[in-house]
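Structures incoming, each one as structure tokens.
Below, chain A partners chain B and then partners chain C, in two separate complexes.
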Partner chain A sequence: MATRIKAKVKKDITEVKALANHPMLSYQEAKRANKEANFITHFMAEVNGKVVYEVSTSQFLSKDPYMKFSFKGAAKGDEIKITWKDLKGATEVETAKIK
Partner chain B sequence: MINRRNFLGLGLGAIAVAAIPGKLSAIDFRETMPKAWTATKVDDAVKEVFGKTATTEGSIKLNAPDIAENGAVIPVSFETDLKATKVAVFQDANPESTVAVFTIHDNAVIDYAIRIKLAKTGTVTVIAEADGKLYSVSKLVKVTIGGCGG
Partner chain C sequence: MLSRIIKSTALIALTTCALNAASFNAQAEKDKAEMIKYFEAKFQDPEKNKNTFFPYSSEDELKNEYSKGLKHDDFGIGSYSYAKDAREQYEAIKEMPPYEDDIDAGEVLYKKPFANGKSIATCFPDPAITNIYPYFDEKRNELISLTQAINECITSNGEKAWNTKKGDMASLQAYMALQTQEAGKKVDIKIQSKAAAEAYERGKEYYYSQRGYLKLSCATCHVQGAGQRVRNEKLSPMLGSVTHWPVYRLKWGNLGTVERRLSGCVKDQGQVPPKDTSAEMKELLYYMSYISNDMAVDGPDIRK
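This part shows the complex of A and B:
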């Protein structure tokens, strides 16, 4: 269940595209499929120990959530760390280098 | 029985929070504002997330398709130059109104894109809080095939 990260910096603004692997089952969908609802509830990105992006999310994000976000202050070669957690408490941490 | 379950729940919650090393700046709105996620009307949800509902239109550029063929994957993106501290996305087509709440940190550039689900045609609203004021922008998205599995 890896999260794919593509981070590129141009003129001090880093743009990140992240694709997490998660079924994101809303309560409605879970009931229909006879499974338990589960979806990412919190997603955060850090660079050099500082949080640069953070969002609390709901069951209404699409399956395999795609997120694009931007921030300033990072340089090529810095490492970006993405952490997300879901309703059931599972967490995933993934890192990538900013190109 | 109920007491024990509550106690265990509290314990697990405490461990989960403790396990996250010193994230003073990370705020999990699911924990800090639980009612925001169960509000079924956009106004109620806005009140839960921001504490008020009065908004000024504008200052945010919202991009979403006019017609979404697949209600399960609707790209929504927005950008703003506002010095916002919190931005939230709501819609009125799903059982609950709040889709996501972003915490804006220093150095963030508010140019975000996500993909959401809409059960049927509805209005997507993005509200940003900057300097204590709320700014909002909305867009109607027509959905031909519902996104919540029906």
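This part shows the complex of A and C:
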């Protein structure tokens, strides 16, 4: 269930594309499918210890959510760490190097 | 009864005429050239061509929502070649396509050894070969589709055959299609015998036969109707319809083979679809693939 991260820096702006693997079942969908509702509730990206992207999410996102964001101040070779938590309490941390 | 005799005689006469040509693919080459000419003419300028090709569209729609000046190879991405808004959505999703994990899974399946030690790699030493399927096997006197070839590899090595519509079959095909695309290969279907030409003709007849409760043929929507709007989407073109398989269809939420889509479409028309490895399905694929000859393989891909 790895999260795919693509991070590229150009001039001073780093653009990150991240795809998290998660079924993201809303309460209604879960009831229909007879499964338990579960979705990512918090998504955060850190570079060099500083938080560069943070978002609270809910059932409005669909399966395998794709996040795309940019920020300044990172260099090639820096490591970006992405952490997400879901409704049931599971956490996933994934890192990648900025190219 | 009489009309059926006349129809079958006419068909035989036509077939014989076509086959008396110098090579067996003469008719197919003509069909392909005609199809390319039609699509290039249609999408040269939808706004100007309203009366010939788009009688039911509004001028506003044709002006703002369609791309123009499309050429042969452009049609590989289906309706996204001419539907501007859908094209934007398509390119956004291609930045991080959801089938990347399936490609990795496909690579694992390609190399994974069976109980007897061999693997799919033993049957297909070069994975970049999706562009030659389906081909006509003269010795066996039948068409061989990619799905069939993969399952024959698996069962001849003592394993259980895979589902032909999704799952492992789709993942493996995604890996092989990507290799084919990266090798820069083009669709390369051959007709080298009378029997092969006849199979092509049967596939063509299936494509143009009206079926189901709305009496629609494949051509009604994907040749005549290509580019026209149904609800909120524009119908995809026949040219290039086989280049991009397997496809992650957002509606399915996962990857599917070309057989999955074709049988789904036939079912939508209200008819029982041919089985995935039946002669009918393979002949249909043979016809569709030949028409898309010389187009770049761009699988796997994403569609709505």
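As a convention for this text, the second predicted complex is superposed on the first by the 99 of 99 C-alpha atoms of A that agree within 3 Å, B and C clash if a C-alpha of one lies under 4 Å from a C-alpha of the other, contacts with A are read in each partner's own complex, and residues count from 1 in each chain.
Methods note: contacts are C-beta pairs under 8 Å (C-beta built on N, C-alpha and C of every residue); 3 or more make two chains touch, one makes a residue touch a chain.
What you see is a predicted model, and the numbers here were worked out from it, not measured in a lab.
Annotation: superposed three-chain arrangement on chain A; chain B versus chain C shows no clash, the two fitting side by side. Contacts of A:K50 after superposition: chain B is touched, whereas chain C is not reached. Within the superposed three-chain model, A:S26 lies in touch with chain B and out of touch with chain C [touch as defined at top].
Applying the stated contact rule after C-alpha superposition, one finds that A:I13 touches chain B and leaves chain C untouched. Contacts of A:Y66 after superposition on the shared chain: both chain B and chain C are touched.
Ranked by how many residues of chain A each touches, chain B and chain C are led by B. In the superposition on chain A, no contact is made by A:N34 with either chain B or chain C. Once the two complexes are laid on top of each other via chain A, the angle at chain A between chain B and chain C, using C-alpha centres, comes to 100°, given in steps of 10.
After the two structures are overlaid on chain A, the closest C-alpha atoms of chain B and chain C sit 7 Å apart. In the superposition on chain A, chain A positions 63, 66, 68 are in contact with chain B in one complex as well as with chain C in the other.
Looking at the complex, you find that chain A touches chain B at residues 13, 15, 26-29, 32-33, 41-42, 44, 50-63, 65-73, 85, 89. The touching residues of chain B, counted against chain A in their complex, run 12, 16, 23, 25-30, 37, 72-74, 77, 91, 94-96, 98-103, 105-119, 147-150.
Across the complex, chain A meets chain C through its residues 4, 6, 17-19, 21, 63-64, 66, 68. Interface residues of chain C facing chain A in the complex, by the touch rule stated above, are 93, 95-96, 98, 100-101, 253.
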